[in-house]
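Both complexes shown next keep subunit A, but they swap its partner, so subunit B is in the first and subunit C is in the second.
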Partner chain A sequence: MSNNMNHLDELENKSVYIIREAYNQFKKIAVLWSIGKDSTTLIQLCRKSFFGHIPFPVIHIDTGAKFEEMYEFRDKYAKEWKLNLIIAMNKEAMARGVKCGEGDGFTCCNELKTNALKQCMAKHDFKALILGIRRDEHGIRAKERVFSPRDQKFNWDYKNQPPELWNQYRSISDDQTHVRIHPLLHWTEVDVWKYIKRENLPINKLYFAKNGLRYRSLGCKPNTKPIKSDADTVDKIIEEIKKSKSSERAGRSQDKEAAYVMQRLRKLGYM
Partner chain B sequence: MRNQKESKFKIVFVGHVDHGKSTLIGRLLCDTKSITEEKISEVKTICKQQGKQFEYAYLMDHMIEERDQNITIDTAQIFFKTDAREYVIIDAPGHVEFTKNMITGASQAEAAILIVDANEGIQEQTKRHAKFLSLLGLEQVIVVINKMDKVKYKEENYIKVKKELLEFLKKIKITPTFIIPISAFKGDNIAKKSDNMDWYEDKTVLEALETFKETKNLSNKPFRMPIQDLYKFDEIRIIAGQIASGTIKKGDEVTFLPKGNKSSIKTIEKMNQQLESASAGENIGITLIDPIFVDRGDIATQSDNKPKSTDEVVGNLFWMSKEPLSIKENLTLQCATQEIGVFAESITNRINSSSLKIIEDKSNELKEMEIATVKLKADNPVIIEDFNNIPELGRFILIRNGAVVAGGIITLN
Partner chain C sequence: MFIIGLDGATWDIIKPNIDKLPTFKKILSQHDNYTISLQQKPWSASVWCSMFSGKLPEEHNHLDFVKDGEVQTRNDVKVDFIWDILSRNNISVKALNIPFIVPPYNYNIYFNPPGYGVPLTQEELNTEITEITNKIVSVTGDSKPELFIAVYTALDKMSHLHWGGESLIDYYIKIDKAVNKIFELDEKVLILSDHGFTDYDKAPVQTLPKITSTGNELKGDHHPDAIAIAKNIPFKVNQPIDVFNGLISYFNVK
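Moving on to the complex of A and B:
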């Protein structure tokens, strides 16, 4: 390793290598942007990988129930960064009356997110997807590979993952429908905020405290609860996270319920 | 220098199934308060729902199947911190069925903790895992002898297992920095010195972890950059890659192997900036003075100090597929960004990765979990280095029908 690289440089360099490798191996590739802090960091890393351009589409899965501030942010930066934006919506399910936040917490995510993604991928024939998940977000994500295959049914065979050695990333053949690429696996929540600070990245204002409340994690409006906080700058957020006794996704209801909702969702192709 | 406080040091935890790795990890997380109270409650609730007693091991084993059967299936990485430093714990499954997952985990590590049951002593996977650590070049190893509570904290048990271990580790050229008697279940010698083992006066696990050193600095080695891709946005052709070793400056002459064509660096590019120089680990773009033809897989090197170019690669190979390797079978070798058709010409010193017993001196095949010295003949020249010198060009994987079937380490004499 280089004498001059600090911790964030190391993280950034590893991510850039992964993103460039994915693009080289799969021409039919796209990156998912949830408009949150992690995927916005991911977009920045993609821009860095290709010297300011992102040579593939950016997908936003729109469940129709996102915060207004997120839509504004999305449209502003898609334009500024000249992103090739695809908005994926499961209009058919919405027409049937499936709504975010109603029901068992599993169905609406499955229909409005997972199935919206499936439809989008089928339409554009994407062979690989880049996502901003991190190992420290959730116990199940701790087991992910950087290049992670998904089968015909979008299932993740977490019991039988292929080996992945050093930085040799390889797409696997046979049963796979697509490969998930995870350039942020090795980043923690604090790393992401430090990077945001260093790069001066624009971040959705919902993350910052207003009237004693802020969102530590952003999902769909009905399923996301804010936390009590006065952290209204990146520095304060970093301090708060370092001292926190609860986890990042504590306000996300699909993570909490019946122990394994997240497990089941992920197995079926959820992010 | 890499900021020790910020950089996360990666440690893989290995050992035989049921010797207590997951318990040790769970205990470390709790004792350093690296795990949120919420997570602990969540696991306790689930245990209660399932009528099970809470165990530290469950904190790591976060998958349904794993909890039900009480074994770890895959490698997971989690973060934990002490006052001195931050760590990434890479948990590796101890069961023989999941050896390829253990290798995946260990390949990311900078150091290792090898765990052995004080009562059972060295078992098959203890040896196999230690062998892989040695193969993967992991020199920094701490051994913990666990479940001392089950042997009533007797020093003689510790001495016995320690002796056996040192004998074995010597054979595979590993010198552990510490051998610590612990009880992960009870907490002895993990974060705190044990009250039950006065005869042991050396470091606790947490103290020992702090003695691990950062990995070598490669910036002062000869320059090598495998070409990852070529881009042409904005009319300029940029050669993209991650510097594997050395430092490059604007104006330096580089030679692209295996072709041998040369040019000088015109610019060193990153998004929205141009650099005067760049070093090992950095992902950059370069543009050249001359419009020469280069490809992904070519290696940009310092002109006055070039690596070996050969159509014969001899490696220490570990086979990971249920279908064995046969001589003359066509495979793809992937070393850095090089992707070259190869076949095995000879397989020698074939050993069982656990017993280390020689199966055959000269063989026609290699089976799952066996290790051998394999001579590969390549369709095209391969650029290689000694693994202990420039790791990126000293290690490779073999691919068959799109699947990774082996890993290999190159040692040059």
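Moving on to the complex of A and C:
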């Protein structure tokens, strides 16, 4: 990297390189857009990589339980940015009565997210997916690779992954169903917000404090809780995150639960 | 059909204390009852998983609640369970508090278990019995499925922490009262445990360290002899996978 680049330039440069390399290797490729800040940043990076027009489809997995503000944001910017938007829904599961927030978390996530994506991948024969996950987001994501193969059942064998030393990526994979590509893996939450500020990116209003509450991470409505916050501007959010000692996904019920469960199992002797 | 799981229930407590357990005394005199001597290791997660998936541990590869320092979730267990298969065949099924993972798994029913599914305080241990029983009793009429599976998990924690003590007998008395409320809810009822219990130092396998990381001393550990009580159940459970195989055969699905 050039010494003239600042930190955000370096991050952007690396991400653009990964996105272009991915498109070069896989013509049957798509990018996932959850309408959150990370994937919206990713969409911006994809647009920049191809001079304003993304040459592959953008998939939104719709569980039917997103915030109204997320649907408004999606529809507005899909049109403005001329995205080839595919909305993936597991309509068959919905018809069976599977509903987000009812029953166990696994069934709704598995049916309405994983299976919806599986159906979409099969229908369009996608061989690669670009996702906006980051290493600092969650413990398990720290083990991810930039080019991450998945087997036929969508399984990720995290103990058997290609090494990515010195930024050398194994971008070709002939024995896997599909490859996931993570151009934001090296970004942090603060990096994303600083980039949003620099690029003046539109971002969902749910992230900004209203009546002392804001969402730090967006998911499905029944499983996402706001945090106490007065940060109603990007600058204030950046300052808040720098001081924060809680995890970004603390508002997501599944993550919080796992931490409590682990704590309790330790009391019984589990390591 | 109704399957009631009692995690860690053992004849070694029930039979010597039968006069304090009127429901068990009555149903044992009226219905088939026998011991399931496990051939697989008596690890709860693994046995419940075998019971409802029909897979041996080497097939489902789900041995414990925690793997490599991480709490396992439904997503980590790569099998279809009986409820998945029956649902695909349009047979109504509910599964309540199935402890092959923690928090225990629910299917087609909502339940928020006390203590995140690892009840440890006396209040949490007692609350689990009440809440599971109330939930079972509330499933009536049109919401009652063709197969309903429910598991009381806190007996296992009680037995680890209070084996040999009077408080464990008192807990069995509470379980006995709960069984009294639910045993007549269906014509076909199967009561099962996933393993038995014994004194920690006499247990053939130690599933947990005697002194836990927080300084608790465990008094009991798992024994491979589990219990079964069967009311009008058309199959015999010799090993955990027989539950799955028996249900597949009974409901005539593949």
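Rule of thumb we're sticking to: the second predicted complex is superposed on the first by the 251 of 271 C-alpha atoms of A that agree within 3 Å, B and C clash if a C-alpha of one lies under 4 Å from a C-alpha of the other, contacts with A are read in each partner's own complex, and residues count from 1 in each chain.
Rule of thumb we're sticking to: a residue touches a chain if its C-beta (ideal position, glycine included) is under 8 Å from a C-beta of that chain, and two chains touch if they have at least 3 such contacts.
Values in this document were obtained by computation on a predicted structure and should not be read as measured data.
By the touch criterion defined above, A:200 reaches neither subunit B nor subunit C.
Of the two partner chains placed by the overlay, neither subunit B nor subunit C lies in contact with A:211. In the superposed model, A:7 lies in contact with subunit B only, and not with subunit C. Once the two complexes are overlaid on the shared chain, A:110 sits against subunit C while remaining clear of subunit B. Which of subunit B and subunit C touches more residues of subunit A: that partner is B. Contacts of subunit A with subunit B, set against its contacts with subunit C after fitting on chain A, overlap at residues 139-140, 260.
Looking at the complex, you find that subunit B touches subunit A at residues 1-3, 6-8, 36-39, 42, 46, 49, 62-65, 73-79, 88, 100-101, 103-104, 107-108, 215-219, 228-229, 231, 233-234, 238, 240, 242-243, 269-272, 279-283, 285, 296, 320, 334, 391, 395-397, 399, 401-404, 407. Per the touch definition, subunit C reaches subunit A in the complex via residues 64-66, 69-71, 73-75, 78, 102-103, 105-110, 115-118, 120, 157, 160, 208-209, 212-214, 216, 218. Of all the residues in subunit A, the ones that touch subunit B in their complex are 1-7, 9-10, 13, 16-17, 20-21, 23-24, 47-53, 55, 135-136, 139-140, 142-143, 145, 158-159, 161-166, 168, 170-174, 185-186, 188, 244-247, 250, 259-260, 263. If you check the complex, the residues on subunit A that touch subunit C are 102-104, 106-107, 109-110, 139-140, 153, 155, 257-258, 260-262, 264-271.
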